[in-house]
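A quick write-up on the structure given underneath.
Going by the order they are written in, the chains are A, B, C, D, E, F, G and H; count residues from 1 in each one.
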């Protein structure tokens, strides 16, 4: 039966939160959904369970970095009106970024990525300014001091969805520092989701990009 | 001189953070901006300073509940493509909601409000379901347990900007409880701004509604 | 010897906190209690220990989801004057709910359950309104943003015992967010127990339902 | 207009949260409610506002310690089936206890009080054991280390509603220490409300005592 | 070489903090100290390392519950002037209590213990009042709500050293709740040491009992 | 009536917690106690109330720095067996130190003080080493980083009662940093009381010094 | 007498922490120091006290924004080997920056300032890159999300002393968010001082610039 | 590809954060850097990965205590103008100290160490005063109560870089207590880096020592 904690909607992919479910529980839910012709997105699914699921859903695709599995029954309809750009501060933030990117793609958006452009090397970011400006919605993923959304938010006139990650040590407090920094961004136009919630960022960015 | 902590952009109203500035400092900044023909939004401005400012800027409008002052030089151009609906859980959340509403209006959006529809009386909210569904972007303002964005997010397929307020006592911790609840919303499509940051919510909602 | 941290009372089942005890320690306590004819409830008992115990107490019943074991020597006397309804927001909250339900049953109450009616899909909850209204005491179990007790508390005129669960990630802080939300509920009539304390909720609900 | 954050119900007194409302706002709400014949309870109302209100509602009663005002139009119907006993650890906890007591009385319950029986002088409490045992519901109010509900909960077989107060200094953290202690009570049968929430405790105790 | 984080003094046993040292590191330190004829106390030493050490120090004694090892070269001189009484609230607090007791014994004190007399069953404690009153120094060990030192402190006119333990779940926060409760004790005469610091309590109690 | 949150004992001065009581409430309690011939200690009493009290109790002594008032009816009997030395890190810690010193004096102890010997000027402390070594019990009062008890604890073989003060700014968090440092002292023989609790330190030191 | 919490050294200005001292106490200390020919720096001194002091020390200079007063008896010897550049993110951070600048100047350093170059308008900062590169030590002062030190640290090969300020609201938590961000800076070469500790930053930068 | 979270600079060793990278990922980055003739520093690299890397980079050196690996292609040029002294409070702080020392050495500094001179045995530290005074920059590493930097800062007129470590238990909170103590140091001249950030301390000390 479907976990409604990541709620489902008409015309959207069905989403299953993989954590805390057995492979057979996930399979059972997927079978029900698949029968109805839905696209399916499973998040937080470890590699072992994914392997078991792929024996049954042989066309499903698994992303080991982000622990996401997708099952697509027919070509995803492109409904997004522009590009969603997913940016990370570091390479270690990529798994969360990938969760956001896969979610946005499955929801019908062209997605581009720009990884490893943290604020300590500000010119790498600035050299990509054109890509920043052509995106319609931006998802900015960062751990540690979480400063990147403020800089990006100051460079564009588009909504920025900030995603703190649990990357760091000591006083990073598992992402809390990055989250707090993002909530206190001196740039307007930044809204924030939960720590490591790449899915949520991809989802809300998709809602915006349909408009 | 202009406080850039709430950054300025081309074609947008100029924003002045009133807290920690004297009336004469605010006046000085306003005069510079006014000469250039900008709309001006002053936030967190107490009544006494507002009075002093209105002696000079006689057409400016002051909103005592939300401590916002606006100076509009020519009719605001309507650029928003739909309605932004600002919702509150309680009556005590209205000042923050008003800050969001005034911001969104000044940025060229039709704004509607729906106040005092907290989750402990869920039918008041449900009886307004049509208004929820016709809004293009929703701003949901709540203190205490901060549950309203989750319920609203489950009822609409539009982006929900959640604003925690510092309303409450004891373990509300000045809005932290509401903030945490919103970040952990079981509804997808919810993004969050800082506690009492009505301005930020109005701003990001406006960016979205232009799209 | 009996762990008095979950205290015992006349006519009530004897309760053993399984965590931090070996199987043989639990067995030894159970034997003493069993000789006196008491019903026994063991909480937080992992599957391996349960297996060892069931070799001796062959009629005991083990609930693997909630890690509870019961040993009932004679039919439990029904002393509750109405139904205790145990509600969860999500499927992942069920283990804690089950601990509450088993406790309440062993203490002589008719127990019903209503699972997976979280606030992001409010109509699932509302469609069960009749069941809510016929319950005498309600136990509401929720993790993440912990909003469900507020909505339930607004729909009924009965005491609501709210149980936060450690379900969630990032800023759910192992149940603290849900706990804080419940303590700040805008609905009157809600009282709260410790995170994941299904036993405690079942116990206090039973005390109430005897009245 | 009525603040619904402390929700209203059929046959119950109407409750107004006085904090953050002007005397004239409270008066306006009271007038509406009074016209309908409701009992009225105003909480967190400071003495100055109370004085203004009592000029209009001359029969209303104000409790300066707990900052509660009641307006009773006809004799309160006794619906509670037993006595609610309100206990405090210290004399400084009395204001919160009084809020609980006044709430419970207005909701139709016989209320008794037992003040200043903190655990550092355990015999004062034990000498009142008979009163503890004859109460049907107990409200235990304590600040500082918040230990009293555990001791009371171990002495009775009745539901105990624990109310932490913000009394203390240093690491009492405005009542957080007392709250945490109560949530971790080693006595079963204890449920907790927000810090200083005497109203909430009186309310839930009244719901229980009607049963 | 000796870890000075638990400092050494003339005429006292030498103390080695076992955590984070290999068995051979501990052995090497012990050999140096043993050559000088010192008594030795090793704390936080897991069973596996202890086994390796006991092959060399065959007369050493290992306490598996508290993970303490002692090596005594000649009879410990009794320097304490009275009895140190070590009390616990629950059975799960015993390991920390044992660390305190072994420390105090090795420092030359008669030690008695009184376990499992938590405040939810207050009469078990009161029935031992004579033992409380005859002790010269009391060490009170408790997890969860940490209320026991307050009650004990109210019953005796002797110094009470309170030791919070990390026993509990949810909002016990690994002993922080018990610690805070003890710091806010309404009984005078209570001083507190770090969470699970049985050694520290035994040490300071010994200093006092020599006086 | 007497506030029992700072409990009373046979032969000890009676203690009244002045905070939150009116001058007339304090006077009333004092009169009762005075009639019985008790010494009286009032803590946390502001200057204005003290003035009112001294009009009645004309021989009482008020200490404005520490906000303590004492009323002594006959010479205090010296029961302490040695000197209690009260040490502070800075001059701003003196008010709390004075509360401790006055308490200890009234409880019959010779008291000496050593102020302003913080660890950033370690030689000031070391030049007083003889005084440290001749004291029987030491009370060490420090705010900010709270390091002084560790250094003192390493220099003496006597019990050290550490008192964190709320002196500092920013991350001193009102004394929490000093408290945490003291609880984690690398010196054995240190026990801690609540932030700013000079009274508690003086009390427990007195209990020890009687032994 | 001198407050040693901000310790004094040979050849350095004498520093007096003004907070919590009366004007006459400060005057008394200043007189002693002045007699010995020391430069004097008084921090955290409010305007009223400053006025009283300047009546006696007529050549002293008071900086109302940063609440610093200096008394210089002879020209300050320039000992710094390069320029210390003090940078702020916003205009509201200037008071803390000024405290740092005045401290560094009095300690014999050429000081330059660069205010209001926060990361949301990154080009303002980049347009000053030459000044950044010619400084020998940089002090970076920022509140809110505290991101500026990371960007500056990535642009220069010089030590960066980061100072969090208490500027912000909601989850800025009085500067804690900025502090955490600075501690987690992804740029190497950044070290941090306490919230609002402009003095400390100026001091350590001066020590470095003498080298 | 290179992790830029620990940024790279001209003439400095290249730094790779080993945590969260596979051995082959690290190898690939090292090969690229090695081809360009850079010195390489890998931090937070566990022993197993190090072994795999050393099969390829046979001249690389691995420090198992601090989990650091260095690959030096040609003699490191000495650019530091004096000695950097790395001090620890305890033996368990040595791993973090070693990370600092290896970093500083690879950046061209003479490095000395002084281990296990915690404040509870203050004379060990004082007996090394000459070494303290001859160092040009000091790195002070401490866990638990984090007091050592305050004492060292009071003894020298050189910049002190303080590094809190996660050593401790209970309320050490993984290094937070030590961090807070260091930020609140009563000694001027102390700046702080993140918990366990030996690398950062070595880096900033090297920047200073080049000056």
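Points worth noting:
The rule is short, and it goes like this: contacts are C-beta pairs under 8 Å (C-beta built on N, C-alpha and C of every residue); 3 or more make two chains touch, one makes a residue touch a chain.
In this text the structure is predicted, and so the values were computed from the model without any measurement.
To overlay chain A on chain G by their CA atoms, one rotates by 180 degrees, a value rounded to a multiple of 5. Note on E-F: across the candidates A-G, B-D or C-D, the interface recurring with over half of the contact pairs conserved by residue number is C-D. The most distant chain from chain C, with centres taken as the mean of CA atoms, is G.
Mean C-alpha positions place chain E and chain H at a centre distance of 35 Å. Between chain E and chain G the centroid-to-centroid distance comes to 47 Å (mean Cα coordinates, whole Å). Separating the centre of chain D from that of chain H, both taken as means of CA atoms, is a distance of 57 Å. Shown for chain B are the residues that touch two or more other chains, namely 4-5, 7, 89-90, 118, 120-121, 144, 153-154, 170-172, 176, 179, 183-184, 186-188, 194. By the document's touch criterion, interfaces exist between A-B, A-C, A-G, A-H, B-C, B-D, B-G, C-D, C-E, D-E, D-F, E-F, E-H, F-G, F-H, G-H.
Residues 4-7, 9-10, 15, 81-82, 136, 153-154, 157-159, 161, 179, 183-184, 186-194, 199-201, 203-204, 207-209, 211 of chain E are the ones that touch chain F when the two sit in their complex.
Residues 89-90, 118-122, 126, 144-147, 150-151, 153-155, 168, 170-173, 176-178, 180-188 of chain E are the ones touching chain D in the complex. Looking at the complex, you find that chain A touches chain H at residues 89-92, 116, 118, 120-121, 124, 144, 167, 169-171.
Taken together, the chain B residues at the contact with chain G in this complex read 1, 3-5, 7, 17, 19-20, 164, 166, 174-176, 179, 194-197.
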